[in-house]
Amino acid sequence: MISFPKQVDREKRLHQAIAFWIARIISYSILLILFLILFFILKRGIGVINWEFLTAMPIDGMTKGGILPAIVGTLYLVLMSMIIAFPVGVLSGIYVNEYAKEGAIKQFVKMMTNNLAGVPSIVFGLFGMALFVNRLGFGASILAGSLTLALLALPLIIRTTEESLKAVDDTFRHASYALGASKLRTIRKVVLPIAFPNIITGLILGIGRVSGETAPILFTVAAYFLPKLPQSLFDQAMALPYHLYVISTSGTNIQASRPIAYGTAVILILIVLGMNLLANFVRSHYSRKVKMK
Amino acid sequence: MKRLVERSAEGLIKACGFASALTVLLIVFFLFKEGISFLNSSPVEDHHALFVHSGNPVTQLEEGQIKDLFDKKINHWKQLTDYGHPVVLLTANDLERLFTPEQLGNNLEYLSACVAHYIDTVPGTLAYFSERQLSLSPAIRIVPVPNISLWKFLSGRQWFPTAQPAAMMGTLPLILGTLLVSLLAILIALPLGLAAAIYLAEIADPRMRNILKPVIELLSGIPSVVYGFFGLVVIVPFIQNLFGLPVGETALAGSLLLAIMALPTIITVSEDAIRTCPIAVKEASLALGASHWQTIFRVILPYASSGITAAAILGIGRAVGETMAVLMVTGNAALMPTSLTQPVRTIPATIAAELGEASFGGLHFKALFALGCLLFLITLATNLLVERTTSKSRKS
Amino acid sequence: MRTKIEASNVHLHYGDFHALKGINMQIPERTVTALIGPSGCGKSSYLRLFNRMNDLIDGVRIDGKVLIDNTDIYSIPQSEVDRLRRKVGMVFQKPNPFPKTIFENVAYGLRVNGLKDKKVIGEQVEKALRQAALWEEVKDKLKKSAFELSGGQQQRLCIARAMAIEPSILLMDEPASALDPISTGKIEELIYELKSNFTIIIVTHNMQQASRVSDYTGFFLLGELIEFDETKKIFRNPEKQQTENYITGRFG
């Protein structure tokens, strides 16, 4: 007959209480760090944002005035890169989930897109410079920058598309086939409409991601200072994240442009925050609709 | 007709799928095309060469020796070879001082003669000129400079890509700087992230979980340049004051910032791994009288270990590739890292900081692409490693 | 024979679902009791009452009394649940070894309950493995991972693991349902032998198994204990029509 130490159960409770409290405190600290970051930047930056800040050109060596060209530049980049990446990404997602047969080809495509997702953003920048800026002769331009950003957003959109298609129950497909619909028609009329809200979530998250990326646009489009709005796709442009980088590290007068930097950071945070909320809204709105059915 | 439309639509879908898959190969192609041509090229600028007196027995000069010579750290040929003359440097900048315009001629047509004469009279001369401007004569000869090798690229301790006359492309300080900053970041982030993952998966009630999960998602969505800015205005001054440093832009600042940025990845992946432990296994432990914590520590974590390893590797991969935030807070000094409170420069930061200044197609430009290749290979390796660890865990 | 376990008027709710409806049962010491009934009848929930495994599920509510050695296990403080679980071992439906070595699997219960003496642990592990009729098969590979064993061996390892801390009661939730006939036979033999030291309750889908290994049998249907009696009686001459229908396979 073995006998266990008398105090063991109390000791176990004590260790558990300590361990759980440590885990709890660490988790709350992470929460705190985020709020600290947000609070710190929002507090200093929110006051800077006014109509002039959003609609004026930068003046006095970017220490005064607004950030209009950077906002417009980022809008152009987001719009263009999504016009390119969204259709290609969705079609690729459809290919992977609906058309590619299990086996080597599907494995290959999946592996490649997975690896694409792991490529550092600066490498996208290098590639964009080598191919779009130099080889294809677009120069540093909105077109080159958008193409580079599109590649960066591609794996994200492919994956969300693939996952939203996977979530569509096969019974819908079988029902449609049973009615004599072709595969493409089934995808178009049955599968895509069901998966659509989730695919849109991918688009929204892609917008959030693309609007904040700096490294890929450093050499493909971004201009240090350009006091006019871009006229064509072959123009260089300013962009919000690059603008923040420039005025916080290498501006003509870093201290004087700090308020502008805070303001720009707030705009970037608001974009990400807004996109996240929007994505969550779309997701929850959709899942409620499904429950009602 | 309808059939045709459908066919072409399906063709488009397939084409897109393959195009997306081939993107990686395209990236590899362009990256390596530029990067590899860098190897085996001369560190001396195109069409330029180093000239010495024919009697100078020096067989070849390495980049480092050339730099020391031109920095006047080596001032006598005795230090390099059996030649008893002090080193006298001669470059295009010295011409005006030494020769009259008449001597050189209107279009520098007498340059060769002048230089040859000079070298002949000053046997210790080391001259750096364009090969086009300078024709050889019996008095002078070119000193060969060995080409850049892969080994030198990886193990060289000095990174002076724009040094004249010979660039120094040693990436060891950059590689070590990258590894130092990333590994320390993961060392900080892993225990914190793991604790948070345990809390989320095992301890937190659903309400708290529903608050924390979106917050973590948000944390991962903040652009790295914003993190960098936050690091610049908060972490950098903090570290500067804490250690009383002349500058706060240090490896430590980079690691702290990267640790914050790596948290979401580590938390999410570890939490998923923790959730793979079957309930029956957990129950078996509890049924033996183990406490919940003992169950977590002794059963669930071992069960999730490969997933947690994957999380750590993934975190390292991301940290290694992170550019802007690191660029903004690490000070970017291309020195061999010796302490955490010293500026350090990583591979991606080097590319970001220097590519804008490198002339297209030049040696420096290619060197940066070679760095890009290196970065790509590191992240590819981490990706494959992650895939292997997770597939192994799926098997068992 | 002394009564080891006694349930009186036990009700169990999962949220709104009434899973057990007023169960009464007395189980004598050192016997094997089989719980039979169709899926979802509540027999597994009932089994998990005795080591308070149901506590882990959100929204569970238990009324009535469950006595083990004359102590109401639902009135003891939370801090004594661990001690209860040392007394009441459990074997699960599927083999569920820990991701550890064979030796550490069996030693686990000893270690988590504060035993540190290597010699005692070693002896105890060997004893448990012998009791589970596994010692001869694994004595040369104690340091190997438990996942390297076959399914039947893994399940016997789980039995050894449960027995290493010397419980007096062994709960078995369909312990052979995931095993092949030969392994099942071994487990049944084992149960028969363990009876001299343990009070065993076994949930099973398999009528032959129940009749082969048990002294008592309880038949559950829709959360109610329809009939509880000596196994011989239940299988030869049940009182209730529902029991007979189920046993003879004429059940819905």
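Order of writing sets the labels: A, B and C. Residues in every chain begin at 1.
Convention: a contact is a pair of C-beta atoms (placed from the backbone, for glycine too) under 8 Å apart; a residue touches a chain by one contact, two chains touch by 3 or more.
These numbers were taken from a predicted model, which means no experiment stands behind them.
**Q** Look at the interfaces B-C and A-C and say which one is made up of more C-beta pairs in contact.
**A** The comparison resolves to B-C.
**Q** Find the chain most remote from subunit A, comparing centres computed as mean CA coordinates.
**A** Max centre-to-centre separation from subunit A belongs to C.
**Q** Which chain's mean C-alpha position is nearest the mean C-alpha position of the whole protein set?
**A** Taking the mean of all protein C-alpha atoms as reference, the closest chain is A.
**Q** Measuring from the mean C-alpha position of subunit A to the mean C-alpha position of subunit B, what distance in angstrom results?
**A** 24
**Q** Can you work out the whole-Å distance between the CA centroids of subunit B and subunit C?
**A** Distance between chain centres: 60 Å.
**Q** Report, in whole Å, the distance between the mean C-alpha point of subunit A and the mean C-alpha point of subunit C.
**A** Here the centre of subunit C sits 52 Å away from the centre of subunit A.
**Q** Identify all positions of subunit C at which a residue touches two or more other chains, and write them in rising order.
**A** Each of 82-83, 86, 112-113, 165 in subunit C touches at least two other chains.
**Q** Which parts of subunit B, given as residue numbers and ranges, touch two or more other chains?
**A** Within subunit B, residues 290-291, 294 contact more than one other chain.
**Q** Give me the residues of subunit A that touch two or more other chains.
**A** If we look for residues of subunit A contacting two or more partner chains, we find 12-13.
**Q** Sort out for me which residues of subunit B touch subunit A in the complex.
**A** Touching subunit A: residues 6, 9-10, 12-14, 16-27, 30-31, 33-34, 192, 195-196, 198-200, 203-204, 211-212, 214-219, 221-230, 232-234, 260, 263, 267, 290-294, 296-297, 317, 320-324, 327-328, 348, 351-352, 355-356, 360, 368-369, 372, 375-376, 379-380, 382-383, 387 of subunit B.
**Q** Using the touch rule from the top, collect the residues of subunit A that touch subunit C in their complex.
**A** 1-2, 4-5, 7-13
**Q** Could you list, by residue number, the parts of subunit B that touch subunit C in their complex?
**A** Spelled out, the residues of subunit B in touch with subunit C are 278, 280-281, 283-291, 294, 298-299, 302-303, 305, 396.
**Q** Quick one: in the complex, what on subunit C touches subunit B?
**A** Interface residues on the subunit C side: 51, 53, 56, 82-83, 85-86, 88-90, 92-94, 96-100, 108-109, 111-113, 147, 158, 161-162, 165.
**Q** For subunit C, which residues are in contact with subunit A within the complex?
**A** Touching subunit A: residues 79-80, 82-83, 86, 110, 112-115, 120, 124, 165-166 of subunit C.
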